[in-house]
Amino acid sequence: MRIEELNWMDVEAYLQKDDRLILVVGACEQHGYLSLMTDIKIPVALADAASQRTGALVAPPLNFGVSPHFGTYPGTITLRLTTFLDTLEDMIRSVYRHGFRRLVFVNGHGGNDPARTRISEIIDGLPGLKVSWYSWWNAPRVTLVAEKHGLKSYHAAWIEAFPFVRVAEIPQGVKEPVLSKEILGAEGSRRLYGDGVFGGPYQMEDAILDEIFQTAVQDIVELLTVPAS
Amino acid sequence: MRIEELNWMDVEAYLQKDDRLILVVGACEQHGYLSLMTDIKIPVALADAASQRTGALVAPPLNFGVSPHFGTYPGTITLRLTTFLDTLEDMIRSVYRHGFRRLVFVNGHGGNDPARTRISEIIDGLPGLKVSWYSWWNAPRVTLVAEKHGLKSYHAAWIEAFPFVRVAEIPQGVKEPVLSKEILGAEGSRRLYGDGVFGGPYQMEDAILDEIFQTAVQDIVELLTVPAS
Amino acid sequence: MRIEELNWMDVEAYLQKDDRLILVVGACEQHGYLSLMTDIKIPVALADAASQRTGALVAPPLNFGVSPHFGTYPGTITLRLTTFLDTLEDMIRSVYRHGFRRLVFVNGHGGNDPARTRISEIIDGLPGLKVSWYSWWNAPRVTLVAEKHGLKSYHAAWIEAFPFVRVAEIPQGVKEPVLSKEILGAEGSRRLYGDGVFGGPYQMEDAILDEIFQTAVQDIVELLTVPAS
Amino acid sequence: MRIEELNWMDVEAYLQKDDRLILVVGACEQHGYLSLMTDIKIPVALADAASQRTGALVAPPLNFGVSPHFGTYPGTITLRLTTFLDTLEDMIRSVYRHGFRRLVFVNGHGGNDPARTRISEIIDGLPGLKVSWYSWWNAPRVTLVAEKHGLKSYHAAWIEAFPFVRVAEIPQGVKEPVLSKEILGAEGSRRLYGDGVFGGPYQMEDAILDEIFQTAVQDIVELLTVPAS
Amino acid sequence: MRIEELNWMDVEAYLQKDDRLILVVGACEQHGYLSLMTDIKIPVALADAASQRTGALVAPPLNFGVSPHFGTYPGTITLRLTTFLDTLEDMIRSVYRHGFRRLVFVNGHGGNDPARTRISEIIDGLPGLKVSWYSWWNAPRVTLVAEKHGLKSYHAAWIEAFPFVRVAEIPQGVKEPVLSKEILGAEGSRRLYGDGVFGGPYQMEDAILDEIFQTAVQDIVELLTVPAS
Amino acid sequence: MRIEELNWMDVEAYLQKDDRLILVVGACEQHGYLSLMTDIKIPVALADAASQRTGALVAPPLNFGVSPHFGTYPGTITLRLTTFLDTLEDMIRSVYRHGFRRLVFVNGHGGNDPARTRISEIIDGLPGLKVSWYSWWNAPRVTLVAEKHGLKSYHAAWIEAFPFVRVAEIPQGVKEPVLSKEILGAEGSRRLYGDGVFGGPYQMEDAILDEIFQTAVQDIVELLTVPAS
């Protein structure tokens, strides 16, 4: 169930019996051959699936994240880190005011992880609030699934190549992983990463992707079962 | 055509022949009996229609706007004005870097209008950039259509009650318009506005709504015909 | 009665029996042939007149406002929107601390209107505070007076050409109104607006200006009659 | 000559032959028995006098300064230090854009002195700009005049008690100077300073005040004679 | 060689022949039984050792980092994330201005890692600058050393218990690792972590610690061998 | 006693019987022939001496201060004023949370003095907190000692030339004091100040320096004897 399907009276009714909310964050940034909105489409799909199994409400996604290093790849729309942190804080304070108390962020983009710090800074001032942050692609159980199949996770590679984010032909084969010892800006990244994929197989069979997906959904479901304060 | 349907190579190709971008801003806020995402759903629909007629690309919507006065209506997720301004600036600088030069913001929410000021502040530093801002519900031609039918525009009332934002039964009849001489915060607004509708007929026949919609689309199409620098 | 004529003990005595304060905001910006301080001189005059009729105290004007689009007209001193918002917030918090509870902002400049949003954001945290914001030149009753005489209001044109802001010869005749579909920065504005007047008659007979003035004063007086909490 | 007496064409003409500007900053804050606007009225008077002798243009005063320690004295309207710094920066950038290159700030309030740091931070990025900052009450020559008469300068005491800032009876006699070893906030200041005067004689004969005044004017005149770059 | 042993002429001379600088960041925060300055003392020691082997200059450490989650443990002095980011940016811009072009941050504290994002944001605007960021305790080679000995790295446990940060008796034995699924503020952290150690052996034999230390030094030395632009 | 010699349990124990803390601020900036860390080394030495006589705890120094005007002297690492103010505020709020209530800042650098304003702004919101700020080189008693020997205090000259900050040969003789009527940025300062010393004797006999040092220590000791609230 998504907020967009409800009016405020519906949310008020929901809050009479539940105080959980799934918030979706990600990025609009280059993902090689995949959709520029890959980092939103995946966590939205995960959130919807977890919502269906738990009845927890899903907030509209914040469609932009922190992607300074991809700023020269056309279509990347990036927020400064401070803008992103302020946005997250505003979202949290908004829903706390209504009575939401158990928040699960489903995050599709590594660049957003510093938000955990801002949440830690403000949470003591919001009594009763519990917040968890789930970055799906490197969650421990997801990593175990990947390792079971002898795979590692790289940006814009197989682990993100779900059917619903494919917008073009994807190369066959495997890209030699690219690594930087320096911190890269947008210009350095484009020179280094070329097509934007960080390495590994470009795609993977659906069964493995589905196993990854279901594992992540299960993780989120468990985060949503945290007891109310 | 939306950015989400493309990868970065597609956007790079688009920029070889076009430099227009439609950006959608609105709010996730109470709209009486209508969807909490009314202010996003309408401009997205307008943007898609204008895109279809012009070939201009559409960016993902910023799903949250400036709604401090509705902060006590459950489901309203509001950004501080400064957060919103910073977000808009980041979006503009991101796409300017790629080569977009003609931007049309389709705005679904009055509280976002101060963004015009920030755009004015930064535009001299971005040579060749042209930005227009279209707040559809009170655009001159849209207002003429409403007046032709003896109607005025109020928040969450008939003019926003498009079929695609209805999520519940909508009352029949007309609400006496509610006005405040003071600047209201979230608490004062809720006391004053009750169900959240500012006044006028709760709904309207589809033919009039369609006329409104087509008029707004036509406006946006014309804004998109501004010549390149 | 102005704060400048009082010392702090006088204000303390005033607060024993009244909690109203008139605050004046405007701009130091190009006004065509009129004084660069037109947007301050007019609201100061209105505030003084309203003070005389009500006994409400008048604060010193904030002499600078938000005028990014006029930044290339010599003599325009503009604040960034964020600076202006912070200043307004500081002013409000200062006088709230002393016990002022009914504030009327008399505003001379359209670019300042986003301040309404900041006020809405902070007002729930200031119990008992009532704030109204009066932008005189497009107030409903003032607009009715203009319409009665077949006139429309434009920047730096007849409606601002009070005798006390004239510092040079003003042209006879009428300027074709100038409109922009784009958001203009300082450079675009200067190219478009030339002498800085937006259109309409350059001046008007004193009787009509006086009717405008008295109407605005009456509006402010009524805003000052809001009952204390 | 003040900006308020000019329109933008006049300032443009002025800039053809001169690039000096006097800017006035001060405070709206408790001054014991004197006007709450003492810290503006004095530098405005000094600026006008220096303008008359040099032909340099005078900008409208910023009527509010940094007075956190007087926040509980009614009528004190204080800006946060950061707000004040941003305001000064905006003022400087505004007039620099027009071509002003020699700026003299005439400052009436000690709490504003940190602005010197912000000016130092931005000045390398504004080629050709020269800025001086004149805090009149403790300028070396003014201090010499006071010392010649066996006097020391204290807030709200004799040295500020010019006839044009007197709004009430001023006590006879001398107040024992009050000093704090701690940094005081608004509450501590009010407890310590009582009537708001820091010490010394409450008033002084006009001849000495006039000598002080003329000395300060002479200082400002000399700062205005700095050669153009 | 440390900046504190030099005057500005010495640094000017150094820059004639080298453009490398080691910057040290960490935290002043609870480390269980170890010194509150553990996260500074270790990277300072690493930096000094790497300096000795390479001749690269070492800047004074920033003694405070981002530790909101330890705010209730006495002695923890924490910066907001935004303060820390601004500080890092200021440090980088300062030394860039002098001609330093190859910077290696030796970081002692995980909470500081978001600084990488700010560096990525600004680096395109600083041509020729190369920055690397070394968080010693979880660097790949250091992790391999730990794994070789069957050890994992935990906050305030064996891996940080170098002789030079011991200020009290350290417990024998092993603490059951403590993990949180939620994001913790300062209050939640103290409840959960008790003595402040996250788990694992409280101390370790010197030979293993020395191997860890030398491995980290070697890593830094290699980062310092990046060629100049 | 320094925080670095303690763990958090030690500080908790200290707070059972004392609530005083000495905080050290200064700068990493050019000091002519002296160490770039002169403004830290001196207040650290003063703080340690005062700690020894009073038992008050000493926090780690903030190694960077506000030195925009020395930005072109190699080795100067300067914070923007706002960064510095935020850092000070974070430090104060951190230690207030633990129970420290009597803070003495020992400051080695004049550019940091605006911090007094920020402290004044926040102190009313921190009940029971007492903060004093000691800028040693121009403290009244220190000035008296200098005057007794016919000396004046100048940046990087004799008064700072303690043996423990000497890193090179120091010139004999006396430099003609250099003064600026304008506010200088980094470029103007370097042109004006040359070797970075502002004037006066380059060095002084140890006995006088020791008298200066002991006088400052005595001042700090007295500030530390302020009674608890």
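Note that the chains are named A, B, C, D, E and F in the order they appear, and that numbering of residues resets to 1 at the start of each chain.
In this text, a residue touches a chain if its C-beta (ideal position, glycine included) is under 8 Å from a C-beta of that chain, and two chains touch if they have at least 3 such contacts.
Computed from a predicted structure; not experimentally measured.
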| item | value |
| --- | --- |
| Neighbouring chains shared between chain C and chain E, ordered by label | none |
| Steps needed, at minimum, to go from chain B to chain C via contacts | 1 |
| From chain C, the most remote chain by mean C-alpha position | E |
| Interface residue identity across copies chain A, chain B - same or different by half | same |
| Geometric centre distance via CA averages, chain E-chain D, whole Å | 47 |
| Two or more partner chains touched - positions in chain D | 71, 80, 82, 186 |
| Chain contact topology (line, ring, star, complete or other) | ring |
| Ordered ring members, chain A first, chain E second | A, E, F, D, C, B |
| Chain C to chain B touching residues, read off their complex | 66, 68-69, 71, 80-82, 85, 111, 113-114, 116-124, 130-133, 181-188, 223, 226 |
| Complex contact set, residues of chain E against chain F | 3-12, 14-15, 28, 30-37, 40-41, 59-64, 71-80, 82-83, 86-87, 90-91, 94-95, 97-99, 167-168, 186, 196 |
